[in-house]
Amino acid sequence: MSYTPTEIMTVVASRAVRNDDVCFVGIGMPSAACNLARLTHAPGVTLIYESGTIGTKPDVLPLSIGDGELCETAVTTVSVPEMFRYWLQGGRISVGFLGAAQLDKFGNINTTVVGDYDNPKVRLPGGGGAPEIATSCGEIFLVMKQSKRGFVEKVDFITSLGHGKTGKEREELGIKTKGPSKLITDLCVMETDPDTKEFIVTSIHPGVTREQIQDNTGWTVTYASTVTQTSVPTELELSVLRDLNERTERTHAGE
Amino acid sequence: MSYTPTEIMTVVASRAVRNDDVCFVGIGMPSAACNLARLTHAPGVTLIYESGTIGTKPDVLPLSIGDGELCETAVTTVSVPEMFRYWLQGGRISVGFLGAAQLDKFGNINTTVVGDYDNPKVRLPGGGGAPEIATSCGEIFLVMKQSKRGFVEKVDFITSLGHGKTGKEREELGIKTKGPSKLITDLCVMETDPDTKEFIVTSIHPGVTREQIQDNTGWTVTYASTVTQTSVPTELELSVLRDLNERTERTHAGE
Amino acid sequence: MAKFVSLKDAIAEYLHDGDVVAMEGFTHLIPHAAGHEVIRQQKKDLTLIRMTPDLVYDQLIGSGCAKKVVFSWGGNPGVGSLRRLRDSYENGWPHKIEIEEHSHAAMASAYEAGAAGLPCAIFRGYLGAELAEVNPNIRSIKCPFTSEQLAAVPAIRPDVTIIHAQKANKNGDVLVEGIIGVQKEAALAAKRVIVTVEEVVDNFDDVHTNACILPAWTITAIATVPGGSHPSYALGYYPRDNAFYKNWDAIAADRDAFTAWIKANVLEVGPEVFAQKVKWLEK
Amino acid sequence: MAKFVSLKDAIAEYLHDGDVVAMEGFTHLIPHAAGHEVIRQQKKDLTLIRMTPDLVYDQLIGSGCAKKVVFSWGGNPGVGSLRRLRDSYENGWPHKIEIEEHSHAAMASAYEAGAAGLPCAIFRGYLGAELAEVNPNIRSIKCPFTSEQLAAVPAIRPDVTIIHAQKANKNGDVLVEGIIGVQKEAALAAKRVIVTVEEVVDNFDDVHTNACILPAWTITAIATVPGGSHPSYALGYYPRDNAFYKNWDAIAADRDAFTAWIKANVLEVGPEVFAQKVKWLEK
């Protein structure tokens, strides 16, 4: 079965989710990956959206973080202060699943500005929940299409801490959580090197070359000693994903 | 119609409650007075119990601060942290209605110990909500039977601040609320002198003498320049109170 | 004590030029009709507080009502930018807006502190985050027991909070249910509270005992505006108009298109048009 | 993830000698059956945390299970003293108990901070109150914006929280409704959570979307014990047995009467007796 780069990215991201995870889910690609996991190998996963919906099981992907579907299918819906205080800061979330506008090799995330903060070239939406998701969840999975614009040597602004500017910042700040551990792109999977805290490529998607990966990355890409080839999406994964996307599009078009 | 000292105390205390008050209600005598007010001249009063019940309208007086009746007849029931944070500390309560074990002329309340804190003669139940009720509510009404044991020159322990040891403490601590403004007993009504912050008798219940008042007070009683005689309980006030007490007794006996 | 009034009178009487205003609703129950009334009455110099500014603030900013916006995520959810916010901030059209930027955790805690009557909120946040370097309202305190450094932000205390809710009862109590966001906190933190509701019912006898209810005495004014949160939604009444959110991007991208849209859909109409906007969405 | 077990197994496996334990319930839903199981298993050296110790802690203290009690109001509501607590503290029977005393506002905020993963809670409290002079766990911090001094207390983080709730569903989610007290906070603040419930139902499809529900993955063990909060009550199941509260005073006043009562009503029976205790109360 053939598939698009976005499809393999979503499928591979979904595989990172475990059945007993409690995931704090960002909108867009993270939401697609988490729900795909829930509809395939991880039916027991708990999905939490920052709108207050806990244990939600949407039939279509939400366009916003607070679509009615999320509330109607949740185990319970709590206030936003409670969500951030008791559930996120309380240390109850095993995985934060995020995207980014800019990302560096230490997993630092910029969703604030391109350029200078006070005189930005592009004013992005901002951090939202991410600054505290990045430090309060057990670990962080990132999912993002690879490009030189997005994968930069140094982010213009650290909206949400990855492993900092040197890889040592989390420890220096006394942060006990793991931070970014996995980065899934449309070309490959990177994982965080336990020593340097830099991303290293551990798996390459079928048909993708190392040149392509480097051409779409603003830092010098490094590789694990053993790099595997990513397993292709199964027929089941693809059909569940496509059904989900189709239901979603139909619903959001207002049909 | 004849009445007991407790009845006139309850009736007179109830008269202090205004129709637009939001009252934080202590159990026992304050609860009786507030509900009597609600059932007579102040049908619009909002009664709040620290168990989280807001705008409650119990048909019988609760034995505890959290009887089911309080919840079943409330506008809404919130968590106890919310009660103390949003509703009490948030400054939304106009009147805190309290009793005491020991009280001094500055309205300082002791409900902690008789004797020394570490080696008490009597270990009382403690402050509960009162320490913050005393400083967060717009003003404090006190209701308590008069006796030398209860009305003391100096309380053994300031559980909840009245006007402090000198009458100046609230101002010194930057407290903006009025503190104790009224004390209703079985013998008389005292109000807080705006200058000295000491209680002065402003109204004496029918048939009570100044000697009786002094004999039951541990400090030297002072009087307002004009002291009125308390109006006797009306037939309506007494019949509503007696009905309420009778319903209450019947219910708590488990009948 | 809540007064039942028209939306026009509520905004005219209780929201003043220069006020600090929070119109809240986390995706759900966003008070769009009230926002349009503020535009119609051409209120000025408002400091607009909101975790997720959304389209309603895009419209207020593009219409020149705002001096400053305090926010934590300023986008069109699932679609992209708030183009009027960006045009004002980046290019000064219609004038340059000031911004004060936080994280969601900070703003949620700041609303909580506002409701709780505290001067500040503390939380474990902004660790390694550069917003702390550009926003002087992000400070820290040391825990007096563990010596841990915790982030601190000022409590939010709006002059006026505006929310949309499902129902009021005849007494003026207000019910919010579903995704309740920070509405209770925003309301309890404010000096004045304006609520638009889908409908007024006799009583809340059938409402769950722990549902999110704001008693009448915490509210200043209630106006009945069916559909008043469109294109946001009101759980139990109508779903989110996701198509409108997608279409807004093109309207907001162009100053003339935006101005024409505001003229036709805000300035030349009244709040009664909202009932019509949701007719086709109702189940 | 919540396991359905017997109350005996839950207490045996998850509550250990020396633990810091919170059995919460603000008048409503007090976990009496669980307290009795702790007495039967003769647990020792417990630090018992509870805003309103009530009869269940009186019984635990009188039975020698407690080393220390942390509380804010230690009485028999509407009746008088907790006579076993006083006998232990004042006369050392069966041994002298330590106390740590707070106000309700302090403990409610401390539970909130525990649930929120914070090391401490801040609030505007203890102003002019002498507890601040005798309890070293009452400190202060200065607001970094207004310089106001605020009270600070350490967060409560129990080893075990025990609560009684109306219902679990088959998945292990737990519903608490009515006077919800600090149960959610106490549960989320704890390392392990034991819940007794009136009954287990198939699902919570008919439960309000914003009701107080603890998801299964926040709970360690669930035991079904009908009547398990008697003489406290479970809204929707049975009312408070106010007569029992009044009668307790005479039992607790006398060491022999107390010992005999514990023997007959706790040591020689099992949790199944609770169903019987509430039969006559049910509407």
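For reference, chains read A, B, C and D in written order, and residue numbers begin at 1 within each chain.
Quick note on the criterion: contacts are C-beta pairs under 8 Å (C-beta built on N, C-alpha and C of every residue); 3 or more make two chains touch, one makes a residue touch a chain.
Note that this is a predicted model, so its numbers are computed, not measured.
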Inset, instruction - Could you tell me which chains make contact with chain B and chain D both? - result: C
Legend entry - chain C and chain D: spacing of chain centres that average the CA atoms, whole Å: 39
Legend entry - Distance from chain B to chain A - Cα centre to Cα centre, in angstrom: 57
Legend entry - Sites on chain A at which at least two other chains make contact: 71-72, 77-78, 85, 89, 136
Inset, instruction - Please list all residues of chain C that touch 2 or more other chains. - result: 112, 116-118, 123-124, 148, 178, 180, 184-185, 209-212, 235
Inset, instruction - Can you identify all of the chain pairs that touch? - result: A-C, A-D, B-C, B-D, C-D
Inset, instruction - Within their complex, state which residues of chain D touch chain A. - result: 1, 112, 115-118, 173, 184-185, 188, 204, 209-213, 215, 217-218
Inset, instruction - Over in the complex, which chain A residues touch chain C? Could you list them? - result: 27-28, 50-53, 62-68, 70-72, 77-81, 83-85, 88-89, 112, 117-118, 120, 123-132, 134-136, 157-161, 164, 169-170, 173-175, 251-254
Legend entry - In the complex with chain C, residue positions of chain D that touch it: 116-120, 122-124, 137, 139-146, 148, 150, 152, 154, 177-178, 180, 208-212, 235
Inset, instruction - Quick one: which bits of chain B touch chain C in the complex? Just the residue numbers, please. - result: 20, 22, 46, 54-55, 71-72, 74-78, 85-86, 89-92, 136
Legend entry - Residues of chain D touching chain B in the complex: 26-28, 51-52, 71-75, 77-79, 81-82, 85-86, 89-90, 101, 103-105, 108-109, 111-112, 123-131, 134, 148, 178-182, 184-185, 212, 233, 235, 239-243, 245-246, 281
